[in-house]
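Dropping the structures in below, format is structure tokens.
Here chain A shows up in two complexes: once beside chain B, once beside chain C.
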Partner chain A sequence: MTSIGANIPRKEAPNKVTGRARYTRDLYRPGTLYALIVPAHIAHARLLAVDTREARALAGVKAVLTGADAPFLTGDVIEDHPPLARDKVRYWGEPVALVVARDMATAQQAAALVHCTYDPLPVVNSIEDALRADAPLVHEAVGSYTIATPPASPRPHSNIADEANVTKGDSDGALKASDVIVQVHVSLPQIDHAAMEPRVATAEILADGRVLIETSSQAPFEVQKLVAQYFQLDPGQVTVSVPLVGGAFGGKASVQLEVLAYLASHAVGGRVVTLANPREVDMESSPVGLGLEADVTLGATQEGRLTAAILRFYLDVGAYADSAPRIARAIAAQCTGPYRIDHVHADVYAVYTNHTYTTAFRGFGHMPMTFAIERAMDELAQRLSIDPLDLRQRNALRPGDRTPTKARLTPSNLGSLSETIERLKPLIGWNGGEPYPVAPHRIRAQGVAAFWKTSSSPPNATSGAIVTMNADGSVNLSIGAVEFGSGAKTTAAQILAEALRIPVSRVFIHEAVNTDTDPEHWKTVASLSTYMVGRAVLDAAQDVVRQLKSLAAVVLRCAPEDLDYGNETVFVRDDPSIKLTYADLALGYQYPEGDSIGGQIIGRGRFMIRHLNLLDQETGHGRPGPAWTVGVQAVEIEYDDLTHQYRLLKAATVLDAGHVINPAIAHGQVRGGMAMGLGIASREAVRYGPQGEFLTNQFRSYKVLRLGEQPDAYLVEFVTNPQVDAPFGARPLGEHGVLAIGAALANALSRATNMSINQLPITPELIWQQRRNAP
Partner chain B sequence: MIPWPVHYYRPDQWADALDLYQQLTRAGRSPRYYLGGTEIITMARTDSQPVSDLIDLKGIPEIMAHGQDGDWLYWGAGLSLARVAELDAWPVLTATADRVADHTSREQITLGGNCLSIMPYKEALVPFMLPDRVMIEVATSQGLMTVPLHDRFDGSWHLAPGEFLLSLRVLKEEARSLVFRSYKMTRLDWVDYPLVTVVVVRDPDGQIRAGFSGWGPHPLVSSQVNALLSDRSATPAARAAAAIAAMPTPALDDLHASRAYRTFVTQHTLALIIRELEE
Partner chain C sequence: MKTLTGPTHIQLTINGEPRDVFIEPHYTLLDLLRHPLVGLTGAKPGCENGDCGACTVLLNQKPVKSCMMFAVDAEGKTVLTVEGLVDTPVQRAFLKHFAFQCGYCTSGFLLVAHALLHEIPHPDRHQITEWLRSNICRCTSYEEILAAVHEASES
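Then we have the complex of A and B:
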């Protein structure tokens, strides 16, 4: 069959390009009420009073909720987060009230009539502020919060929400013995996910106690679990459905609006309430991506062999911890980048500030982590006068090596960084990294950076698939992974089509995910859908084939082992003319006489990640994911040394894809990742005023890469060393285009300007400023 | 979108628009004139004082007109910036108007809307601040008045409540005699607010006049700056530096750029333009 490796258009593409695709906001039920978050416009304060009288008095207002209506704490890992601010406001934009009204206009008017009385507190406006000995505390009770999902180590009476460490070998000793040492400090701001569809959730509580939630989420089963937990319901009472999602990037893996929508519906007798973030609220009140300050020290021999790494990462996680402890551990586990370093010590601190809280962001911490390592690698290459690609080649992790957490690397779980480096050279036209003038004041330069990433998933992540056969022999596929643009559904359909030896057009896949009817998939995150869903689908396909064969064996009077299948038929291996079609068997077989046997063919499949464990809290040792995806990226720029403006000419990625299931989708994912990473590296930043004011809550001020501002060329190639335990050998690649491209840009510009650019975003002003401050 | 109900009017005569505005105001409502709507609509989402009535002026023939009237070139305030650029009747206006926002937005944004924008930039107005003779046509309760631009705009607009701009006019001969450069400098993107838009014209006597958008809270032209820029005894770089030192207000310091960087960019752009104009 030809489903695997074919450019199958996405199943949902026709509806998307004609504007007919349905997203959460497009679902309307009569009688819907509209809720709106009232954000605090102060970053740190005691919340003395919330006066809702005027808002309640407005005609059309059905309810106004405050922190008193939600007396519990939420949190994925650390339960530190009141759904609506209580006693204290911890960030500019924090929801202090929730208005529910008959329409959006009334809700908007009412929101302006909610009056808060604050007692301002000193603002923790940076990581540096947070770590000062006399720093005001964002959470006074940090030591006594419930840890919902260990591990996490909040430090009492501090702004440290969590810390994770990894130690391998003797880093201090090895560093002293190194021929050269480079040190780099990098500084990256928080960033917004900037999904095209702002977050939205709808909740309804039926008379029989069932709760219906529709939401734009990457984690419907997590929503189900947490809503049940917070409101003391049976999980089965809570039905969560997720239609197409208009972009997510990790920002929709967190549970926030669903809890508020439930509270709102509860306050109005269970009526349907839609809570849709306006863009401004989506940016300042819902979680963003974390900021980072990091110190990297690398030791190496004169020949460019890495000997030691000492790393310190400080994450600006904002006001609430959310996924930060998981991200901190992911950073710790991969802290060296894809390089063999025998002596490593890394400390990762998740730091509370009075900034908007953060959650997962495409790459799960690996993008900022990679920036730090890859800037240091380029500094080392400069210092040693070694070609930066050669330096990376010399140190590339290989099968037989061990990761910083001492996980063992194999050809299957690692792939080949070395091959990707060799493939990158002709792809980008690698010139060794030396900048060269092309006109007066015009300098061209290339920069490279490598990455690796694994899933950092919980060791009990699970996924399922259900296949039902239609009367004509076509099949329906039900999985728990959400479609947010990554092609997860289409990929699953291709895998099923291949396994059942039918065309992809004969596979009908549930577009939405519904926790009532679709089997559980942990969360649609970590680029794991192809791996986990794919394995479950293969398992379900085997079940279908087994059922087809056993039924056909009865009818054809042979053993199931005598049968093979293809062309939607089950046939006798040595005489294919003796056969039955899938349609003959789909709903049970009916003999010519009329009597029938069997029943509908219903295949079920499941998959659970194996052999993972939580990292040891002392040493950090453990196995954080089933496999790593490795790759290398490059950027070519042209820099004007008078204006400090630059143009993006080329961006390239070569990664070890294991096996490419859908080349067009894979290329699109990687190109999209590069576009996002270049936008982040060149222009994006959440910015705060001197009192923690959130300044960038619109695209007027939060700039993303626009069409027309992209490089002249995006180049993508794959090498294919299969991951043996993955469907058809395919490795995860959904997030990876974003990981090192920003570092590659910084490396190119550092070379072009002959300065160390260790800060993002790299605007011409930043270069100008740095040039001006240069000694 | 505007999430609340509004009353929408589309008068087809300027006098009706004025009457309507007065009536609505007297009735205690808060009407606004409406042309392209890009500001009214996008700002509505965060507006705590919602507009109740929109008076769309695009039905008024004079406001959509353009062409030549004796020695004058004129443009109706209701022409979209894309249309203004397409007409290309005055190249410096074309160059400047064509760099506002993106093309999709320029199909909506009007000349009048841009000139009277609540944003500081008002780029399309800058070319009109440079010639000796620029007139505007204003609909007032005393009737249509044609007055010099600087009578009604000196950094801020002086229009009485209810008055509106119908058209802008320049002398054809003067307009055509000016050699120009119009450069929009942004933080990084092609489509963004200007750190500064510098529009410079040189008249047949070699005198240079420069208009700036983005430097301050309003577009500005300074006769002192123009005199310094016109001093051919100094190098372009020295003239640009002197002009920057003589700017009537310090540069803005905001999210898009620091004061120091905006100053650097403006000075660099000025020097570049003078070199180009005099080469």
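Then we have the complex of A and C:
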């Protein structure tokens, strides 16, 4: 193998260091008008009136839209979401109007001239608020919404948007019989994806009825489907194109601005309208990542064998459900962490609040879920005086075990957590987890945490690939996966190069996705592109090889079975001097006399995920994804017990990656995930004021990790048990670096401070407060 | 301080080319550079508030956040954008070290690093950190960027 396992630079890398990489907002179309969201600056209110007269009167303003112009509900699972607030405002930042003007400055002026009249309502400002018996309702009609993508179980007359549960064995009985029981309550705020490119969408409606949408989306085919559905169009009328995307992290898998941009274009006779979020709007009006309150009860034997788990997760999904029901089921399905527990009961509640609505965030709920489990595991280790890594090793899921949803685990679909744990010890210099002083008031400590994750994708997720051959025998590859930094395009090119036995430089792949010309790929999410696109690419490559051989067989007067290929030639296996080049065959073969046969070599490939099912609504049993990626992470910190500040010294990840297709990109993905996870755990939080005011809509109030704040060393290693049904055995790993690193940090700091730190972010102030409140 | 009340022309040098450009009084330097008549979209709007550095360009060789200054203030000055960097050590090192993923912040980091190496040819880690803290990258771990800048400083 030459292309697989090689550090091939990203195909688009030269463009990214020269300013030639183009993102949605860089693509100017003549005649563009500019739209801007007018956000509500109240969290919960009846919307009595939106006065747009002054805004409309401003020179250069082309249209001002309000909820009355969008009389329908959106939502990919539960249709609960008016594109522009109608009758009610449910979160601070909710779009109440959309202005369209000839330039951005005029749009900004106009936005300030839209006046809303509100009748304030009591604010549901936390999960606790939402669950009170007399809680104000975020959605009065919660029980009667259309469920667009079952399952979802909204509870009438409540703030429960959905509940999912999983039961295995007799958890109550097993808990009673346990030698030790630990209980942990964790509390995590909402967080922002903070992709460097704010969300943006452009829409144009042509005279012939075609709709052109350009957007910074992870889900162009979902945009196509939903825009067609909401506006009663044929999907074929709607062309969605996505150039390079400037970071996504799940936040661009949701469909929002595309619907508004269509409405804006429609209001101005179909002209091109660009709707680009300013950063502040991107943070407060577009979806964020969910918050969590969770109660974890673990039972174990004296020897540290887990016997029972009872878990309750409350997700702060904000004002609209978006993908929360699917996230709730993903959390339920993996609720135990990567541990064998025979008796489990988990309830997951998606709770409406008057906070900004939420969507997928790198890890699809597994990051907050993992935090809860892994804090409880460390508490258990302390209670039993067992090395926390040993505790995890003793309980690690193994092939032959079953998941909480009773899915069967195999060497292929699980890999080896056990091996990753053993590899972590020398990597981090594991000392057993005991904190130790290094100077007066300076304490060093290590913390560990393990993770697992599968795709939790719909059981009918599909992907495709089209390969066309150029006259010189090189190939063009067309796929539906978006490039937002994960290297999806490059990985696909490597897979095709390997399968056709050509160098990666002979594979041409366009950066953009276009729903007209590229085959459908469900969504570029869930770390699934290598698996799904890769399988489709392999299928297309087989088709190409079959066509090359069958054409060559005619010309060379042999059977296709007599032929082999390599070095851009098709040759007779027992006499390679009898051969044709790919170039000879690419556009059909021309005999010396001039007559020709065949035609262009066009390979097509497709892949459909298999053997998945929706979890049973009663028991939660089922198979949520094709395979799990497992791993373990560690953090070493130095804590100052006077100032409560701490330094990140080391962060480590060992993950079962199967066979890694591009080690440099893979390491970068995992390290980047770790950096994000450490930022989230140490400083990131969406904060709300007492009336639900969104307080953190800039990078000076929503703080992400900056250079110089990272650990002194990031240590990443892979173990390589192949996933048999994946291309070349490669396991998903795009999201995973983020999953347990925050828990590892909390575990290290809990040990260093000798307290249970069960909240994020862990700021020195949080430690100080907790220390002060300690009995 | 110059007072503008309407559209006007200014002269400045962009990537070595003297330009006479039309501006509106409210244009930031970022607006001007990205305007279709100039067409340099390498500088990115990330926050338009000075926090993220994705819009960084060099003004008379010093990094500035082009979203935080009016275009008129660049009159008579020299602007270097990422499009003006051609095969520099910093670009080569970013490629070699895979120092970007989505690429949206990359122009800004390249220009800060380029200016740093112009000012301090062999910066230590502390100096690199101090200069590059002005910019945010959400994809990488920064370690790749540090390695790239370090290597470029050795070349």
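FYI, the second predicted complex is superposed on the first by the 774 of 775 C-alpha atoms of A that agree within 3 Å, B and C clash if a C-alpha of one lies under 4 Å from a C-alpha of the other, contacts with A are read in each partner's own complex, and residues count from 1 in each chain.
In this text, a contact is a pair of C-beta atoms (placed from the backbone, for glycine too) under 8 Å apart; a residue touches a chain by one contact, two chains touch by 3 or more.
Every value quoted in this text rests on a predicted model; they were computed, and no experiment measured them.
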item	value
Fit or clash - chain C, chain B, common chain A	clash
Per-residue touch tally on chain A - higher for chain B or for chain C	C
First, second, both or neither for A:L642, with chain B first and chain C second	first
Touching partner for A:G19 - first (chain B), second (chain C), both, neither	second
Partner chain in contact with A:T763 - chain B first, chain C second, else both or neither	first
First (chain B), second (chain C), both or neither touched by A:A194	second
First (chain B), second (chain C), both or neither touched by A:A105	both
Contacts of A:R687 with chain B and chain C, given as first, second, both or neither	first
Contacts of A:G668 with chain B and chain C, given as first, second, both or neither	second
Touched partner set for A:G708, first chain B, second chain C, both or neither	both
First, second, both or neither for A:R700, with chain B first and chain C second	both
Chain B/chain C common contact set on chain A	105, 278-280, 700, 706, 708
Chain A-facing residues of chain B, complex	3-5, 45-46, 48, 50, 102, 187-193, 255, 257-258, 261, 264-265, 268
Chain C contact footprint on chain A (complex, rising order)	7, 9-10, 12-23, 25-26, 28, 105, 194-198, 244-249, 276, 278-280, 484-487, 664-665, 668-669, 671-672, 674-676, 698-700, 704-708, 710, 714
Chain B-facing residues of chain A, complex	103-105, 108-109, 112, 278-280, 642-643, 645, 682-683, 687, 695-696, 700-701, 703, 706, 708-709, 763-765, 768-769
Complex contacts: residues of chain C adjacent to chain A	24, 26, 34, 36, 40-49, 51-52, 54, 81-83, 85, 91, 94-95, 98, 100-107, 110, 129-130, 132-133, 135-146
